[in-house]
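The chains carry the letters A, B, C and D, assigned in the order they are written, with residues numbered from 1 in each.
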């Protein structure tokens, strides 16, 4: 008994240190990737400056978005360079060194816009270092639960039922944490708290299934029947795991998919740190709960011994 | 402020507290769960000690 | 299964245990019962009586040990064994929305009884229900249901009949009829009966078994039993009940 | 053995149908329930305005009615077996456990299809009048109803056999059944929607949905078939 809790505590400390390390690595060491670009007329800041850009424009009205930018307009065989004042489907007005010039849209031939390009920092990506490991572990622990369920049905050994139940409990914890972190990220990245998007939907179903497992167990009186029903249902429910995992690859989805080789250096190290840490935490919680269940069993035994 | 910088920083400002909040939530959840589990474990340990002492007394008496 | 066993031993239970975790419904039960005997099983609630019968009728598998009924193993020969045993429970095990005849014909189909119509009318006559055979069993009294239940259990001509508290909930008249029916088939069948009623159980039995906490407290043929001592033993086990 | 199983399967199916025709309990409750659902739909859609196209949501509404109605029937069909311990009598007879599964699932499938056949025209009459329907693709509807109902009856029978032994039967069945049904529902609604909208694109959508449902049926029926023995013996 003691050995289980000792193992759990070691795993707990290890997991805590590693996930904390992953957090520090993610926020203070790994770079912030860019989430698209913003463009501006002049250079305003050097922090996320990506360099100058040139944009070719072939119709006068498309210049409308670039008021304040430096433009070079070709019209009637001539070239005018200056700061764009305004542009619409009729005319283009440019401020040059020698006063404002208005060009009729009919004479417009081509234009080039000059300005600076900035990377938009994608802070939301930081969720990746802990949300993904948590979600992965929830799948893995569920797989263990299903495995123990099969073992239980094969052997009818109550220990496997206990392992199945505790695995499902750990799954519930990780599913809950995945949901919580995921919802916050959804708000950060998509501007909404929830979206009925394939991955989110299937994961939501998974959450319901895990909750249903406990509802089922709690409403069965007989101990062995409860164990059998729990095992059968966790096997059936496990079918949702591969669906949830692969659905972003099958159906067009907004949810980001990890593609191989996308990570390097500090990012990769932080990510792997987070994964190992989360595995350790999952193991720790599992062992902790197992220790608790075994203690309970010993108490039951001692009680029956005393009542004899 | 320059509109571009405003956009750049607005993204930084809205995203980053949410993401850090998510991490804080994760840790709070973990700590809470583990704390509760440890507390229960402790309580059970005490109960077991009492019971085992009773069993030992019973056996000594026999 | 061996021929010789089939004709001498109805039950052959070796070290039978049915456990889930630390809780043991049956804990090392061993007994032998010759063909043609009448075994009464006594014991307090939660003693494992029903579990024992469920294992012997192949409804539950043993956790360890073995049990043979008529020489057939309850696990490996289960399907074959089921055609040789019948169960009369305190639950009628009949469909209330079928008529008496339809109920019997349905179970005759399940067992593959030959000439089902002949067999069914024969049995309905035997339990004196032929005049009600077209009525839904929903409308039957407790006693009539129990009689029909006996007919259902006898459909496939079982050799061993299990009775799970067959007298519970019966009025005296229905009890008499049940007694008469059992007396009729007493000689040609082996019986295993769970009973709470000591008098009734002792009156009918050729062997008596007392179970408590899943263990055999006493197992003796009727002749060897001293009634007063038996009652004393039985009473002492009631205190050991879980309930 | 095969012929014995066939005889037993037929006997159990016949018994269920005879009982149902006598009491009409399941068909009545399921049929009325689905009609009541139509009334609720009318109330729910009463504020939708005149320029919305009911065809867009018809598939979802239909399957919504089917899934809730099916739970009603599933519960009933297993309560019948449990009430007087009849399931025990079945288990005592020399029958292979999967035969019991196929018989109960088959019975449930028949009643489910009967109720669907009743609901579908009523729904069309009440909500789809005056809309343009492509009868060529509507003719595909029975296919998805049958394939979808097979999955519902199969998994539902397994789950109802569990839930009938729990406290709070109906709630537990809903809690187990609806999430597990999600992939099937999604495919079935997609296919039904395709058939109702019609046209070449609708038909192609229909077959995509059908593919999902058939895949789900195969996996889930195999799993239910394999697991039923444990449930019914517990």
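Everything below uses one rule, namely that contacts are C-beta pairs under 8 Å (C-beta built on N, C-alpha and C of every residue); 3 or more make two chains touch, one makes a residue touch a chain.
From a predicted model like this one, the values you see are computed outputs, not experimental measurements.
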item: Longest centre-to-centre distance from chain A, chain (CA-based); value: C
item: Euclidean distance of C-alpha centroids - chain A vs chain B, Å; value: 22
item: Centre-of-Cα separation between chain D and chain C, whole angstrom; value: 39
item: Chain A and chain C: spacing of chain centres that average the CA atoms, whole Å; value: 61
item: Whole-Å gap separating chain B and chain D, where each centre is the average of the chain's CA atoms; value: 43
item: Of all residues in chain D, the ones touching two or more other chains; value: none
item: Contacts with two or more other chains, residues of chain A listed in rising order; value: 224
item: Contacts with 2+ other chains: residues of chain B; value: none
item: Which pairs of chains touch, using the document's own definition; value: A-B, A-C, A-D, C-D
item: Residue ranges of chain A touching chain D (in the complex, touch as defined); value: 153, 201-202, 205, 208-209, 211-212, 215-216, 219-221, 224-225, 228-229, 231-233, 235-237, 239-240, 243
item: Contacting residues of chain C [partner chain D, same complex]; value: 57-61, 79-80, 82-83, 85, 87, 89, 91-98, 102, 106-107, 109-112, 136, 152
item: Chain B residues within the chain A interface of the complex; value: 2-5, 7-8, 11-12, 14-16, 18-23, 25-26, 29-30, 33-34, 37-38, 40-41, 44-45, 47-48, 51-52, 54-55, 58
item: Of chain A, residues touching chain B in the complex; value: 5, 12, 23, 27, 35, 38-40, 44-45, 48, 118, 120-124, 126-127, 130-131, 134, 173, 176-177, 180-181, 184-185, 187-189, 281, 284-285, 288-289, 291-292, 295-296, 298-299, 302-303, 305-306
item: Touching residues (chain side chain C, partner chain A) in the complex; value: 20-23, 61, 63
